[in-house]
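Letters A, B, C and D name the chains as they come in the text, with residue numbers starting at 1 for each one.
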Amino acid sequence: MDVLLPSLVDGLLIGFVYGLAAMGLTLIFGVMDVVNLSHGALIVLGMFGVYLLYTALGLPPYVGLFIMLIAGILLGMALYGIAIHPLLGGPHLSTLLSTFAVSMVIIGVGTALFTSTPRNIDFSLGAVQVGNIRLLGTRVVAAFVAIIMAVGLYVFMYRTHTGKSIRAVANNRDAAELVGIPSRRILALSFGLGTMLAMVSGGLIATLFPFNILSGGVYELKSFVICVLGGMGNPTGALLGGLILGLIEGFVPVFMPVGWTPVIEFTLFVIILLVRPSGLLGAR
Amino acid sequence: MKGVKWLLTVLFILALVVTGCAKAAPTPAPQPEQKPAEKPAAKTMTVVLGFTASQTGKYAKESKEQVQGIQLWLKDLEKAGGLKLPDGTVVKFETKSYDDESTKERVQQLYTKLITEDKAEFLISPYSSGLTAAAAVISEQYGKVMITTGAASDSIYKQGYQKVYQIYTPASRYLTGAVDALKAWDPNAKKIAVVYEKTKFATSVAKAAKAYAEKQGFEVVLFEGYEKDTTDFGPFINKIEAAKPDAIIGGGHFQDGSTFAKQLYEKKTPVKMVAILVAPAVPEFAELGDAAVGIIGPSQWESLAKYSPDSAKAAGVSWFGPTIDEFVSGYKAAYGYEPGYHAAGGYAAGLVLQKAIMDAGSIDADAVKAALDKMDMMIFFGHIKFDTGEYHGLQIGHDMVYIQWQKKDGKVVREIVWPEAAKTAEPVYPLR
Amino acid sequence: MRWLRDPSFWVSVLIVALAGAWPLVTGSASGREDMSLILMFVILASSLNIVLGYTGYVNFGHIVFFGLGGYIGFYLISQMGWHLIPAAIAGAIVTALFAAVLGAIILRLRGAYFALATIGVNEAVRALIVNWDALGGAVGMTMNFKRYQAYGGPMNALWVAYGLMIVVALLSVITSYGVRTSKFGLGLLAIREDEDAALVLGIAAPKAKTIAFVLSAIFPALAGALFFFKNGNIEPGDAFRLHMSVEGIVMIMLGGYGTVLGPIVGAATYERLRGYLLTSPIFKDLQLAFAGVLLLLIIIFVPSGLVGWLRNRFPKVRRVLA
Amino acid sequence: MSVILEIDHVTKRFGGLIAVNEVSFLLEEGEILGLIGPNGAGKTTLFNCINGVYAPEEGRILFRGHDITGKPPYAVARMGIARAHQVVRPLNELSVLDNVTVGACYGRENLSLGEGRRVAEEVLEFVGLAEKRDVLAGKLNVAEKKRLEMARALAARPYLLLLDEVLAGLNPAEVASMLNVIRAIREQGITILMIEHLMHAVMNVSDRIVVLDYGKKIAEGSPKEVANDPKVIEAYLGDPELALSLLEEGK
């Protein structure tokens, strides 16, 4: 049992960060019904952004995150114009492939520039010992930043005019357009927000683990699992899904070989999709 | 009827286009015919040496070093005026190489092309066990000699191949030295945790290490594989800690290994020794800073190692080729940085082939095979000798060295700590 | 037979047959390897097209069938000493059963949900096999070289595997044509366009979709058994490579979604194009990025693919290009 | 005449909302029955219950003596109930001919592809879309799509045709021509149950009318009886003056 508690805490902290990454994916899906297959590549972009600012300019990672915040929105809006807007309303396949193409471009250029050499941000905030639980500074801060971002997004979506417009467009694009909401701008902004969340979470992950240009795939898969747990298109659910995934990752190794974690994760993923496609929180 | 005619014409054109496309070589246009072998009167002959490189894909980095090693060997050979056979014939090599994209389907396609179209007489393997296994099927089918490097897996040599020869110490002996070291350094250490990445290479290493540790009287308190691409080891490390091992051995590749080492450090996991695969041997491991300190890793070869004509004499075998210093300075001059073991492996593969052809006195595949079977020598890379029994071609001469990252004057440096004979510094033990 | 009088049937079949026979005529082993890969991609793309192009279900986990067929076939050959042909067929049968059960379950999901579930299935199966020691776990399995003696020696074994690859490719193309031009296929197309409307029109969509899914599973399973037999070893990472599913989708898009000829043309074009990009000195370093830009341009400007574009642009060719 | 369809105390709920509440009525073979009621009265939901899109919570639906309650839509379609949707649902990327062929092949007679094509050609001729046979369905205009919807249902050679507002969105000339089509269908002996908002049209072609309001049946009878039913006038049309004038118009 003295394994369980620290593992659950570890899982919980990282769960917030996973959840943040998944919020980006789920937001985009909720608003425009697009599964963004460039999500992983965008996460990696965030990692490299923070890494380069840290190594080249000496900017602390958390300052780098702010820059990723702005860069993410701008990049996302640009990507929307190029790869999403012309294809909206078509079959799912077109946006799946166009976002996949974006990911190929990002990773292709990234490999040419940075090779697939692993990178590591050598940055530490020490640790605090609570009982037999050792809390790493970087992890606590990452979880904290993730929570702030999530709360910020919530406030934005529910308290501001623009946020309400996003929700209206998500609900019914045609009706929103009838009441004068400029849906194209709102959609672009939503894609920007989704991209921003991916890049910021990438930046956070970079402070925790080594990575390379191909690391995005893992986090993209995790984000899918989380989105489904929390309900596709439901950002609040994504945070919860992230926590659940983190807990599973903390919980499973205690009781069975750690190699079974992905079997359990993906089986759960498929089962949830089948019995509760709207997620654990959503109505049936 | 007219429709049918028209249809046939279209069909014919389409078929031509498709087959035409298929014929178009995926890589450099085929060279003019070369008939290197059958010119007994000439004093020089050119032999085609074929291999694929992973210019793209997941092995791009390691493969590049390996290929640079091969190229340096060729350049050195060229400088020495080529390979001279006992009868005075000079053999020159021409290389053919394609990008295999780190995938098996390419490897088989390209090795077939190397053998049948480019008429390669000798082959060197691609980087990695998986790709080499795919290439070996082809080379063996055509009865060509292939020297493998960058491929440590044992299983390739359990399939009955007759002309595939391994340069690297096989996976089964990758971590056994770490077990020996632990036993020598600390008679009280009894418990070992073996944790490994669930990939072909790491799993075979871990299984062999476990068996060996148990034979040496250790208790393996934890034997578990983790999924490749694992990034968060937190919960797993908690589990390892709960098993209270004296030493942790295992690992996988660079990414997971360095992540694991970093998190072990952050969690201050109380173990006396950590020995993990691949990652510590890569120079970038130093980027981990303090987290790298004390981590031990097996290495196929180190520039600090002490193989020399003298140690060859001591071991009772012959010495061949450049010294370590000559190789290192040559490599530095050519590429501007210190060679790692991937590069050394590439060079060594060439060297072994060179020696075998010289011994055979011909480029006939069977004669070269016989020479390789008899080979027992030392080169800058270490001792080279092949199994000729059940596991034909398996490397049985070469040994791993174990490096440890240590802190000297505030800088993280690598030192050889095992085996005793090769060591450059005292080990940091216990770790914590 | 109606088919035998249909020029578009012959166009598709003969292209594959003639291209496949070319290495047999020239005896070029290198040509055989090149063509073997193209045929494998033709099989993957053509069979995937039954679910993706005809039925409209985006399957990212198509490669799971390839991996399963490969694993079962390989296990039977290397561990049980079966001959390649019965082993491949057994692999295909088991895979088909798997597809039937899986299809009945996950084809209830629609759109993006289905696409995500297929990713989950592929990953779950891969992770399961990694942990399954009887199948070699993460290490995978290897085959003793002596096994090739049963096929007239290793060199001959490759020709045998290649010959079978041609047969499977032809079968998959014929099946694709058969489905496309049948009443069953018309039902699938209706499901693709509007599943609810299709149900009301009397199409038993759950059954039809499952049959399509099973049909699409058989051919990659056969190809997997042949491919890994030729390879001599099998590992989970190679057998269940998600990326290969995506490549299959790209081939279909390139050639023409929902057409018989499209996946064939797409597979050949994609394979040649990649070969060119990879080796061209200009694009070598940026080949992935360049391929991405190309894909994006195709999706935005030529969404119906090469064959689809020809069909739309020149209605007269519809008779020969199905 | 015999009863072809029996709706027996059918109830369909969505959460707390009762969309169809204990509705019962009979449909005679060969008759045209109009189903009317204000928006949200549960008409389309009732259609969905009949052809199996929804399974009702209570009650039974008998078709030609067989209980079809809760059967999936494709099974119902095979038994001989075809439907034209309120919002047209053409299979956009298929040609007009293929659209109708789907209806024929998977309809009551379960035809082969070749026979289905032949039937489809006939039906296209009948509804006046023959010259558009090779056009992609997505490219048709609204009136043509409505005809296509109808053609597809007809091609199934149903015993019973459910028409859901097939006249909505058409101009007067198109309405007139569509009404002719509907009458001609009845000539072929096909029974019709139609939802319609265009009062004069529904009064004109229907033999009988059933009125729903808030999921309940509030009236049933000949167009004349229904038109003069004060409950209908009050509940359905709100303004009796307007209602009467509308109904007059229908005569």
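Quick notes on this structure:
Note that in this section a residue touches a chain if its C-beta (ideal position, glycine included) is under 8 Å from a C-beta of that chain, and two chains touch if they have at least 3 such contacts.
Remember, predicted model here, so these are calculated numbers, not experimental data.
Comparing the chain pairs A-C and C-D, the larger number of C-beta pairs in contact belongs to A-C.
Spacing of chain A relative to chain D, judged by their CA centroids, is 48 angstrom. Here the CA centre of chain A is 32 Å from the CA centre of chain C. The mean-CA centres of chain C and chain D are about 43 angstrom from one another, to the nearest whole unit. Rounded to whole angstrom, the centroid-to-centroid distance between chain B and chain D, based on C-alpha atoms, equals 74 Å. The set of chain D residues that touch two or more partner chains is empty. Among the residues of chain A, those touching two or more other chains are numbered 111, 257, 259, 262. Contact of a single residue of chain B with at least two other chains is seen at positions 56, 198, 225, 227.
Taken as a contact graph, the chains fit none of the simple arrangements: neither line, ring, star nor complete graph. Going by the touch rule set out above, the chain pairs that meet are A-B, A-C, B-C, C-D.
Remark: chain C residues 7, 10-11, 14-15, 18-19, 22, 28-38, 40, 127, 130-131, 137-140, 142-146, 148, 154-155, 157-158, 227, 230-233, 235, 237-238, 268-269, 272, 275-276, 278-279, 284, 287-288, 320 touch chain B in the complex. Contact residues on chain A toward chain B in their complex (touch as defined above): 2-3, 6-7, 10-11, 14, 111, 115-120, 122, 124, 127, 134, 136, 205, 208-212, 214-215, 217-218, 249-254, 257-259, 261-262.
Only residues 56, 58, 60-61, 198, 224-227, 229-232, 234-236, 238-239, 241-242, 254-255, 258-259, 262, 266-268, 284, 287-289 of chain B touch chain A when the two sit together in their complex. Residues 51, 53, 72-75, 77-78, 82-83, 85, 89-94, 98, 101-103, 105-108, 112-113, 116, 152, 156 of chain D touch chain C in their complex. Within the complex formed with chain C, the chain B residues making contact are 3-4, 7, 10-11, 14-15, 18-19, 21-24, 26-28, 55-56, 98-99, 101, 104-105, 108-110, 112-113, 115-117, 130, 133-134, 136-137, 140-142, 155-156, 158-161, 197-200, 202-204, 225, 227-228.
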